[in-house]
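Chain lettering (A, B, C, D and E) follows the sequence in which the chains are written, and residue indices restart at 1 in each chain.
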Amino acid sequence: MIPILSITLATLFVGTLATFAAGPRARYVAAAVSAIFLAEIAGMFALFSAPALGLALPTQFAEPESYPWIQVAWLHVNYTVGIDGISLVLILLTGILQAVTVAYSWTEQRQPAAWFGLVLLTCLGCFGVFAALDVLLFFVFWEVVLVPMFFLIGYWGGPRRRYAALKFFIYTHVASVTMLVALLVTAFYSHSASLDFASMAASAQTLALPTQIILFLSLFFGFGVKFPIVPFHTWLPDAHVEAPTGGSVLLAGLLLKLGGYGLIRWALEILPTGLQHVAPILYAVAFASIVWGAGVSLAQRDLKRLVAYSSINHMGIVLLAIALYSSLGLLAAVLLMFAHGIVSALLFMVSGSVHHTFGSRDIATVSGITPTAPVLSTMTMTGALASLGLPALISFPAEFTALLATWDKIGFWVLIPLGALVITAAFYIWMMQRLLFGTPKSIPVGAHDLPYPEAFAMGVLVVLSVLYGILPNLLIHFIQLSPVAGLP
Amino acid sequence: MTALPWTLFAPELFLLGAALLVFLLDSLGIRRLELFGGLATVGISIALLGVLADLRFAPLAGLATVPAGNVDVPWSPLNASLVVVTSFGLIFQAIFLTSALLVALASLSRRSDEKGAAIFFGLLLFATLGMTLAALAADLIYLLLAIEVTGISTYLLVGYTRRDARGLEAAMKFYIIGALSAALSFFGASLLYAYYGTTNLATLGTGFVSMFPSPLGGATGIAFLGYGFLLVGIGFKVTAVPFHAWAVDVYDGAPSDVSAFLAGGSKKVGLFAYFVVFLVPILASQTTFVCPGGPTPTCHYLHSTFGIPLQVLFGLLAVVTMTAGNVLALMQTEMKRMLAYSSISQAGYMLIGLAVATSPAIAGATLQIFAHVFMKTGAFLVVAAVAGFGIGSRIEEWKGVGLRHRWLGASFAAMLLSLAGIPLTVGFVSKFVLFSAAVQAQGWFVWLAVAGLLNSALSVFYYARVLRVMYMERPEVGSAPVPAGAVVGGSDPPALTLGGIGVGRATAIGLATAAVFAFGVYPQPVLAGLQMAADHLVQLL
Amino acid sequence: MTDLPLAGFVAVSAVLLGIGLFGILTRRNFILLLIAIEVAMNSAILNFVVFGSYWNSISASSVEGQSVAVVLIGLAATEVAVGLAIVLALNRSRGSINVAEATTLRL
Amino acid sequence: MTGPLSVLFGWAFLVPLAPTLAFVVIGLFGRRMQRLEWGGWVAVGGALFAMVLGVLIAVGEMLTPGSYTDRSFQWFTLAGSGTGAFPNGFSLVMGTLVDPLSAVMLIVVTVVGFLVMLFSIDYMHRDSGLPRYYAELSLFLASMLGLVLADNLLQFFLFWELVGVCSYFLIGFYYQRPAAASAAKEAFLVTRIGDVLFLLGIFIYFQQFATAGPALGWAAAGFPFVYHSAPFLAGIPISNPTLFTIAGLLILGGAAGKSAQFPLDVWLPDAMEGPTTVSALIHAATMVAAGVYLLAITSVFIGFSATDQLAIVAIGGFTTFWAATMALVNRDIKRVIAYSTVSQLGYMVLAVGAGFTMVGLYHLFTHAFFKALLFLAAGAVIHAIETQDLFKMGGLRKTMRVTSIGFLIGGLSLAGIPPLAGFFSKDDVLGGVYLAAQSHPLYWPFFALAFLTVFMTAYYIFRAWFLAFSGDQPRDSTLPQAHEPPWTMRLPILVLSALAVVAGLLAFVPQFGGLFAAGARFPPTPGVPPSYSATDLLLSGVSVGLGAGGILTAYTLWGNGRVFTLDARSAAQPIRRLLLERYYVKAGVDWFGLHAVYGLARLADFFDQYVIDGTVHGFERLFAEFSLRLRRIQSGVVLDYAAYVVAGLAVFLLFFFVIVPAIPALGGG
Amino acid sequence: MILELLAFLVLAATATLTALAALLVRELVHTILWVALFFVALSGFYFLVSAPFLGVLQLGVYAGAVTILLLFGVMVTRKRIFAREAATGLGPAPIALSLLVLVILATAATTVPSGTTQLSGFPIAALSTALFNVYGGWLLLLGLVMLPALAGSIYLVREDRE
């Protein structure tokens, strides 16, 4: 048995340190680390696909690696890592986004070593979150993500970066803390043998129903802020708008997924009864997020802010899909998270490129950029269309499945997310009309189309969104190697 | 009454020897900072090694075999033994000595022309000695006196700069509140003595089988009063709110190295005192003792009624302390005062251990204390180091410090993140264990964990704000003098050189930073030791 | 051998402590503060002595209370000495021993 | 069943694949090809291949009547967990299905597609961004063919969306014109509303069939039910008829969006901002007909519900009339034709709703040719004189003879003059509705509206013809000299003219007519054209008379260069204004979009920033204020500090002496 | 019996009043006199409860040494008592607080049995044996308190040469 997860973690860790130390050549190190990471992910897929390993078990984790970490009489914490289909897909997303972020910011001039190091550290944290199967380990990685992102926003960000970085840090930290309390209560009240996932999941079923409900709601708040759910979402637009492009990409592409993943792994799987009893609350919150995210997006003039609010909308659908507690819903949720990771990353890159090519992201004043920057324009259109759920692009299978699952479970309530789809289309289409089309206005002298690194990064994402849009089975096959298959 | 082997006191003797040697050399007219500092460092190091050796080679699980008296007649009010060596106490000794060692190391880098080097290191050694002795206490008076040794030494230590009005003001405040607290403590001790007829810690507060009728009969009020006074008197040392107010001014006014010692070291002795004084009544209320053959005039069991009220009180004290500390720190503009408030709130977290009073919670609180040594001592040492570059204590003066001096900045960032409880630092692990223990105890203690965690989230605000200033803002032109030899040019602010810090200080800061990370990643050995000590303590009491 | 009302002594020490606290809270002259602290300290010593005698009358071997008193008298004296040293230093540095005026360190 | 050409059925996927390849090639190498003007020819080549293969397949289908052939592969599958709604999981497939319906559509789409592509070569040669044009047009063609050949509703929806987005891009081809960009947006969003309804309809069907799946012996639930399940339908117990009704209405919503039926018709006239070729292909012949096609393929379910049928009849009938009225007064040649398209689509919907699915499709078939012809002819005019305003034209008959004849044939066909194509199909529609109304009295008003529209149709199209082509010379003398278009443009006009003449008659060819007679697939609603009974002949006569009357009226008012102006004080003036303003629907939609929706969004944004985030800030300020106030206790006066200590002491003592005794839990009480 | 009680009452009154007077009189030198008297009164208590050694110690250390120390402090600082004393920012709160503590203490004192109790002293030899034997640790610590206090105080009050 190859401890591939630990190896990956180690290479990422060493790679991050090396990047920090590499000085001006950091980008090459970062690129190498990304390449190795992708190779290791390929290895994971290979191991996962190998039938000899008998890994097609629905609720078990492939190759859990476990070593004692903190062991005292009353507290058993292990270093336990393992992945199932859900984690695997999200790890793939991590690898992809790490690589494209490095590529996109290839020409970063300000403190490049720190920049690439922090980017890698963020991805390391995300990988850890997706791989960890122990409460403490999970929480450690969960918080580790926060710090580099704080610095990424705060140092490289926009004019209000300091405010946004602080807000992001504190807001999400408060949520994390709530989540940690809930997990600890779950573990200790159910007399779990250790803080390992398996042990927690087994023992949590013994808790009294009211306890389960309260705990689930606490966990939901904890993970929900990361989602983010309305009304705990206002950290997101500020963080996104002020973050540098690479930061936004990771923030939207990966950090929001942490919330979804956490909710699935550490709330849904541990307290399924709790979930089922509070599902209406979750639906309500999800509907609110969906409608609110779409509606507020419509009013935005700042491209980045628009994309940020649209994330709230999309993650609302993810939440809805998770809350359905059905096999189809969970599948849709994971697929949608992956899709949103790719598409929002693309759109944030677009915002970034629009910003530094045209000096502004205000879609009401920058207008008609297509003749100046046709490639950028194409990327924008692909991103927007993918995001509004156009078939043959990556979001469609996901959104379709999510809505189907919603219909299947709660009937005509599906009209709410369906109606929001129209609004989603409206704000993207309107954005395209104002930004890309129309008479060119306030186009600065010397504005040019995408430079190669940016075009490459976006191109990769476009190709991926087409590829997975046409062949979603590439993901679905793996996602089903998880608890997805075990739900009704 | 049993005589203890002198070898057990070897660490203390080394400290005393070093202190006396310092004063002796001083009076002989030899005034070399390196010499005094070296003596102090060596003395503390040897003491620390001795303590560690005791911990390692003496039976960790059951050290208290030495004072046989304690074991033979546990309920005797006339037990005369003053000293007991427990693994819990030894751990605290190690904690105190570590803080002292870091401060001594850092102080080696003080300007060598500075006056009063002898008095500084001498008093430092005495203060440390007092703390280590306190950690041996089996007797309330002994404990309070040992604390007084530390107290008197630190009052003078704060004011040792002598010409510095701020330092003297701090010393004055420290002294007045300290003397008041001492008076209250001793008054409380006198009431407990009145009630129990003994000052032995293992007996005080227990539902004891008295061979003699207490003059106060069932009037537990007097004993309650005694505990109330002791809570206040020791609370001063702990910097529990509302007995904290002096601390901020003193940490601010004192030289940073002294603040480091006060925050990192000397307040812990108060916590130790809290543990050994109050755990007895709390734990006693959880156990049932029945006189053989039922209550008789010569054997009547007074069930301890102090336990739950004390736990509630400690819980409230913990919540008030951590919240007030954090809220007060939110808008602070002075670095040292901010650290002082943070220190207060950290004390609040530690108090949770007392409120919960299970052996996991005690271990957790001790781990928090252990962590705090590195974080807070380290942080103040960095403040002192940065002051060496002419950058003062106002937070806004710290603009860009993190970028100008990467290593100092990284260390300080590590300390702050650790204080804020961000993972991979020892501060996180300690909070995790502590709050886990509170949750594990179930009941209303869970709310203590919730309060603690919410507070630690609140605290992120002011720690992150400092990080923001350090890393995300450029120094204003002219606000920070550029030291000679700094690299000026480009868009980056001038870098500060490592040489300006001094080897001793750099080593101390480096050690603290390394500890913050090392114990943050792998706390197992320490935690296991602490847990064993806590288990043992609980059994002992 | 004397028979005396224990409650009376307790009351006296309580009153003394009260006076001490009153002094500490209201006096601004450092020397008066020292005196007030001494008054408070002595109330504790009084308790120790009185109850030392009481417990001694119960068990002839109990000398604890008075031993404590001895030590505390020494301690209190030392504290006064240190306090006076600080008074003198403060007087020299600030030209005033009014503790309420020393408010450089605040907020 | 196998026929001479049925071996091709398995290769039907090549039909959409050819334009797809053209799209990829142009998309990747378009910029390099632009200089060599290859792009257009690649697209034409792709379309030609698609046409040849498509027509061959259609012919093959004619030769093996009633057959259907399905080739599919699994798109993605979900393993079942043994419980829940899909115990055996389900699989989603993609595939091609050749049957009479798709054969008809194949002919329409590939033929018109190819001709329009060819027409574009010269029509568009002055424009920039041609690679984009051909790429998008090829992609459109591919998607449309994918839709036509779809073997399940999911795939249908997938391509349905894709044609929508191609339409969006093509309408907005002149994206620098704000009107074009705006029209594109409008088209996308209005159809999107329909799409969303459609999607929900699909869900309902899917769920219902998944539930019934085991009864049908399906191992896994799936989407391939549209055709496959039809034979089984009789065996399915309709467990929830209301749900089926709702689903039918939702499908109608989707169709109404795509086929621009009232009230989702507002986008189609505005879509004329796109190039005329696009209007001809997408907004006349193919994509807008997809809604009708959708109704046709789902009519098998819709037929279960009389409510649905009535709704469809009502929508179709009313739209027919509604759109025609607006065409009466318009000055823009393309918009007149566009309104006519909406109106004619209404006829088709009407027919499908009345139960005559194949009649609707028949009208779709003929309409595609004569409407494309009208558009291309209009395009040739616009190309020549660079205006779309009818009132500036005139006398073009002399300079553009082929064009004028083409337009005339198209117009006659549209007006329903025998023996042109339009006559037969429209007649069948009217006859069918008449027949259906016998048993459904509620259909009568809509029949009446549709009948009345025949007159209006003839009037407005000939008003356009007379304005453009009759007279001596253009009314606006500044216009460039008109000329006959080059062969690439003439050829499609000629071919389409021929088709507009013969398409109706083709139905009398047995093999071809068999396509439309293959209604055996739809047991509840036989789609056979009505027989020509006496009533029918009377109906036909009246209808032709109405058409002729319309033409005559038009000649009287507009013939020979005459211009009819309405008296400014005439009572009809407000009506004219109402029609010109499109019943103020457009203004209403714009108001709704800008003020209601956007206004709400702005309000929500305000709320988001100042109330939700304001609360967050409030907390921040609260803490800050609290901190600043609390900080005052740190007065610097040591006596205060001592007072705190004593106060703390007092509190503790009070706790021990007052609170503890009072509370039993603390040991008191 | 009565005599002892009477002595107790007199001493109690003296101790209380002198303590108050010491804190309240305006002239610092007078304060020192009242303090001395206070210490004497306390030592009287110690004699009364049969702790003569402590009485003597009290006289020596407090009435003697500490008083002189205080006097010295007063002379060095040469400051009169400030015109208005009780005027910290907290107003009358301190007085109320100390009264409150006093009341609570007095309440607690009432729970002590009000009858007379036998209080007995013991030979000084026993005390010294205990002090240097059993409680040697305390004395040791006292020494450790005094040592840094001595060194530090001397350092603090010493003038800088230059």
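Note that in this section a residue touches a chain if its C-beta (ideal position, glycine included) is under 8 Å from a C-beta of that chain, and two chains touch if they have at least 3 such contacts.
From a predicted model like this one, the values you see are computed outputs, not experimental measurements.
Student: Give me the set of chains touching subunit A intersected with the set touching subunit C.
Tutor: Intersection of subunit A and subunit C contact lists gives B, D.
Student: Using CA atoms only, can you tell me which chain is the most central one in this structure?
Tutor: Chain nearest the centroid of all protein C-alpha atoms: A.
Student: Going by the touch criterion at the top, tell me which pair is linked by more C-beta contacts: C-E or B-E.
Tutor: Output for the comparison: C-E.
Student: Suppose chain centres are the mean of their C-alpha atoms. Which chain sits farthest from subunit D?
Tutor: E
Student: Based only on mean CA positions, could you tell me how far subunit B sits from subunit C in angstrom?
Tutor: About 26 Å separates the centre of subunit B from that of subunit C.
Student: If you average the CA atoms of subunit B and of subunit D, how far apart do the two points sit, in angstrom?
Tutor: 77
Student: Would you kindly tell me how far, in whole Å, the mean C-alpha position of subunit E lies from that of subunit D?
Tutor: About 101 Å separates the centre of subunit D from that of subunit E.
Student: Between subunit A and subunit B, what's the gap in Å when you average each chain's C-alpha atoms?
Tutor: 43
Student: Note the residues in subunit C that touch 2 or more other chains, in rising order.
Tutor: 6, 10, 17, 20-21, 24-26, 28, 30, 34, 45, 52, 54, 64, 68, 71, 75, 78-79, 82, 85-86, 89, 99-100, 102, 104-107
Student: If a residue has to touch 2 or more other chains to count, which residues of subunit B qualify?
Tutor: 141, 145, 148, 152, 155-156, 159, 162-163, 172-173, 176, 180, 184, 215, 221-222, 224-225, 248-249, 461
Student: Out of subunit D, which residues touch more than one other chain, so two or more?
Tutor: Residues 631, 634-640, 642-643, 646-647, 649, 653, 657 of subunit D each touch two or more of the other chains.
Student: Output every touching chain pair, sorted by label.
Tutor: Every pair of chains meeting the touch criterion: A-B, A-D, B-C, B-D, B-E, C-D, C-E, D-E.
Student: Per the contact definition, I'd like the list of subunit B residues that touch subunit C in the complex.
Tutor: So the residues of subunit B in touch with subunit C come to 78, 141, 145, 148, 152, 155-156, 159, 162-166, 168-173, 175-176, 179-180, 182-184, 186-187, 189-191, 193-194, 197-199, 211-213, 215, 222, 248-250, 252-253, 337.
Student: Give every residue of subunit B touching subunit D within the complex, in rising order.
Tutor: Contacts found on subunit B: 172-173, 176-177, 180-181, 184, 221, 224-225, 227-229, 231-232, 235-236, 242-243, 245-246, 248-249, 305, 307-309, 312-313, 324, 327-332, 458, 461.
Student: Can you list the residues on subunit B that touch subunit E in the complex?
Tutor: Subunit B reaches subunit E through residues 1, 16, 19, 23, 80, 82-83, 115-116, 119, 122-123, 126-127, 129-130, 133, 139, 141-142, 145-146, 148-149, 152-153, 155-157, 159-160, 162-163, 215-217, 219, 221-222, 224-225.
Student: Which residues of subunit E touch subunit B in their complex?
Tutor: Going by the criterion above, the answer is residues 104-105, 107-108, 111-113, 117, 133-135, 137-138, 141-142, 144-145, 147-149, 151-153, 155-156, 160.
Student: Quick check: in the complex, which residue numbers of subunit D touch subunit E?
Tutor: Its residues touching subunit E are 635, 637, 639-640, 642-643, 646-647, 649-650, 653-654, 657.
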